[in-house]
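Each remark here refers to the structure printed beneath this line.
Chain IDs A, B and C follow the sequence of writing; residue 1 opens each chain.
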Amino acid sequence: MKFLIRRVIFYVITAWAAVTLNFFIPRLLPGDPVQSLINKYQGRLSTDAIQSLYVLFGLDKDSSLWDDYVKYWAGLFRGDFGISFTYFPTPVSEIISQSLPWTLLLVGISTILGFVLGTLAGVGLGWRRGTWADGLLPVANFFSAIPYFWLGLIAISLFAVIIPVFPASGGYEGGLIPEFSGQFIGSAIYHGILPALTIVISSIAGWILSMRNMMVTVSSEDYVTVAQAKGLPERTVMFGYAARNAVLPSISGFALSLGFIVGGTLVTEMVFSYPGIGFTLFQAISSKDYPLMQGIFLIITLSVLVANMAADFAYALLDPRTRQEG
Amino acid sequence: MSVQIDPVTADPTSTATLTAVAVRSKRGRRVQLGILRNRKALVGIIILAVFVVLAIIGKWIAPYNPDTVNATAGLQPPSPDHWLGTTATGQDILSQLLVGTQGVMLVGLTAGIVATLISVIVGVVSGFIGGIGDEILSLISNVFLVIPALPLIIIITGLLPSAGGLTVAFVIAITGWAWGARVMRAQTLSLRKRDFVEAARANGEPLWRIVFFEIMPNLTAIIASGFIGTVIFAILSEVTLAFIGVTSISDWNWGTVLFWAQSSQALVQGAWWWFVPAGLCIAAVGTSLTLINFGIDEFVNPRLRSTAANAGVLRRKKIRARIGFTPVYRGKDNR
Amino acid sequence: MTLLDAATAATPPRERKPVLEIRGLSVDYGYDENAVHALQGVDLTLHAGEVLGLAGESGCGKSTLAYAATRLLPPPGVITGGSVTFTSARDGHGGDLLRMGDAELRAQRWRDTAIVFQGAMNSLNPVYTIGRQLIDGILAHRGRGSGARDRARARALELLDMVGIPKDRLGSYPHQLSGGMRQRVMIAMALALEPEIVIMDEPTTALDVVMQRQIVEQIMQLKDELGFSVIFITHDVSLLLELADRIAIMYAGRIVEDASSEEVYRRPRHPYTAGLLHSFPPLRGPKRDLAGIPGSPPDLVNLPTGCKFHPRCPYGFDECKLTDPALGPTRFGDAEPQRQVACLLNDEKAAPGPIPLELGVRPEGDRIA
């Protein structure tokens, strides 16, 4: 219980830090381009929108920093991230709520799939070290060094241009309207296969390598030898004794590297013009849509925090020592 | 972008083995020679050396000016004139890659050095002072670890009026130091309790002496692997930033090449020579760095080393070395 | 010294039925030409109901012997020759462990030969309850049929009770137990299937002195109740003198002396054995000078020629540098039929003169001059 409370406090602090960081970054940077952009949109922005932009970028010289900060928080709790420049006058929160589910499904499923498959493969390779299987390691090594987006480019050129079996971009067929119909869901899955495959293949190698090394390390622990001495079935020793312990550091590694992975997957979305949050971020960058960028960063951070928390609790469930000591 | 995570060094339980070896490695010379004897590390160092040389001489050996537009030679596949073909505007791709190597390496190196410096300072101080100071420093590094770095870098560089190589390097360093600091802290923590450090403290040696002469030498391997990990992260981040066009698109680096390839529809036009070589360069540098890191891992963790060194002999003799079933090998015919 | 009395008073087994016969066992660490020869042609026999002690300095190969004989030696260990034959004293089943396939070996393990490992700290899987770890071993061998799980659970409770651990500890995780309790759990686990052989690899080194004594006494009491044979590995010769029926002394991967503990204590035949006995105060009787063995334990990578002990041996002569003595009868030959030694002093043809006084204490009942 103590462990859980400590972790929850940690996440609250981290969330606070992320929000505060998000509040301060635009303030620390030169404000001129923002001012000029606001001027550019002057005629089209309502006074309310301008006011919220002033708060967001700290351009309002009349109010103190603290007042801005309080207003900023108040805005967040109302779900107010400001107004997007590019999709004027759509609020940022609305754009995010449209693109977030796409990302959650694509990135969520493929990241977890990559971790599970990579970990399983790593268990096998670590257990059968010194056999032909070791020949796979250099391949995995090479794949772990490839940037996600480049693999995406290769995937598109191979499976969408040269052999056109999958669509090169988008999240669903152009003419369809997002709804819960078989046709739409089928189209979404069809469009999701290639980006998902890219993410799985790019992330899997890292998990294979780290799990394999962990298996090798854990395999020489005494309790694994004891398990063999007891004459337990090979599967029990491999999974119940070796892998069961080797996966613990892998899970905490998973939690800690989620931030990295999500970063990479967002770029994959950009390559595939996938209607998720990464692609939206890409568009926001190209059109210098600062409120949208800020809002997306905050949402990504908070999602990663939640995923991290889940991984943390999974760890606590799997390791009786954390449960007791905290 | 993928980042190599290394649970072996991150796992607190394995730090005991790490230190055991690290302590033995106080004789510095043998460490360096030992690393070279590791085949993986050697291959990695050779590949890396090639790219470092290219980074230095790339500007001079490039056959063309990477910016020169040649309207008559647009989008040509590889040929004797243009070994790696040309872009849609007839620029020489090989020259772009050669000139771009320097940018990639420089940013990687700068970011690596700055981030490693921060991580060593934060990690060692945090591990050494303990108490509330440690709590605060670990909290800060954990916060930095959990906040997704790439989006943060994108936001910061996106807001900056102009993002040149050095600026990018510093932004990457500021967001990428936390992992190293965490590993460094765990290691310092276990070193602090060791006899020779306790002895130095009891002798009343000043703190800076203990840190620099007792603790730091034993962190060499971990600092090295942390540095390499950060360089990988930095190179991948920088290339990604250039690819999505957040950083200056007129500075050549491999990511810029890919940016132009993507924005000029190279994929649809089947101009594979435009985007394949740049990616292979990134992967080669990344692989060389991970190989070096594996070399360090195997060097530091004897459990990984023993099998890696013997794989060839085992295959030849058809011995299957495994836990719990000691092989029986009775000479050539094996019974 | 109740233990010593019990051990010496116990009548030696009338018929010496071998349960484990190790013949010519050789082990290397490493797979190529640079491999270290950790064991060289070791012969050793364990008889039914016997407590056999294996002693020697660290690195002499005593643990290697135990792990190689059970095929549990981790990489880079490899067995390069010999045989390890198990023959059940109960129904005669058995065979050469070195020629068994995986399935056969798995079935044989724990049912016939169980092991209590050195480090009680790391011998238990940290993420499973001790109950689960007791039960999975039982189920792996007696898992068939309905109600097997309930029977295994009942057996696990019985075992905990046997080693004096409260039954409600069945659901505890290893980190919730003290070092002594964990080692008791390991002992309980080893006895789960009523094996014929229990190998104890320094079972008490990680524990404090009081706990050591309790554990050893418990092992001996259980042995008397359940009648298994024990191979007890330790560097503590004084402990072995108390509890072992027979002691094998190892040096540099070889057995240099194999005799009953009484004989080892009163009439050592190998200079190294004599040296070991001088390294600790006598258990009783007159005080004698305490002296260690000069020099340091041998470096297996760089072994001397001839007898591996000769650089440290106070009685060495020229021939020792050339000939590596084999384990054979003592100089008193048929008067001591049950003991063996590997020292040239016991070879009348090779030895330059009479056996030194300290190593030549006459066997009891020996009337011949």
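As a convention for this text, a contact is a pair of C-beta atoms (placed from the backbone, for glycine too) under 8 Å apart; a residue touches a chain by one contact, two chains touch by 3 or more.
Everything numeric here is computed off the predicted structure, so don't read it as measured data.
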Go ahead and name the chain pair joined by the largest number of contacting C-beta pairs. A-B
Compare the CA centroid of subunit C with every other chain's and tell me the farthest one. A
Of all the chains, which has the CA centre nearest the overall CA centre? B
Distance from subunit C to subunit B - Cα centre to Cα centre, in angstrom: 49
With chain centres defined as C-alpha means, what is the inter-centre distance between subunit A and subunit C in Å? 56
Where subunit A and subunit B are represented by their mean Cα positions, the distance between them in whole Å: 21
Mark out which residues of subunit B touch at least two other chains, giving numbers and ranges. 307, 310, 314, 321-325
Multi-chain contacts in subunit A, i.e. residues touching at least two other chains, fall at 130, 220, 225, 227-229, 248
Mark out which residues of subunit C touch at least two other chains, giving numbers and ranges. 72, 74-75, 102, 105
Touching subunit A in the complex: which residues of subunit B? 1-8, 10-11, 13-14, 17, 139, 142-143, 145-152, 154-156, 158-161, 179, 182, 232-233, 236, 239-240, 243-246, 258, 261-262, 267-268, 270, 272, 275-276, 278-279, 282-287, 289-291, 294, 297, 301, 303-304, 307, 310-311, 314-315, 320-325
Within the complex, subunit C is touched by subunit B residues 306-307, 310, 313-314, 317, 319, 321-331, 335
Please name which positions on subunit A make contact with subunit B in the complex. 10, 13-14, 17-18, 21, 25-26, 29-30, 32-33, 127-132, 134, 141-142, 144-151, 153-154, 156-157, 160-162, 168, 202-203, 205-206, 209-210, 213-214, 216-217, 219-220, 224-225, 227-229, 237, 242, 248-250, 252-253, 256-264, 266-267, 270-271, 281-282, 285-286, 288, 290, 293-294, 296-297, 300-301, 304-305, 308
Looking at the complex, which residues from subunit C come into contact with subunit A? 70, 72, 74-75, 102, 105-111, 114-115, 117-119, 122-128, 136-137, 140-141, 173, 175-176, 186, 189
What residues on subunit A touch subunit C, complex-wise? 130, 220-223, 225-234, 236, 240-241, 244-245, 248, 318-321, 324
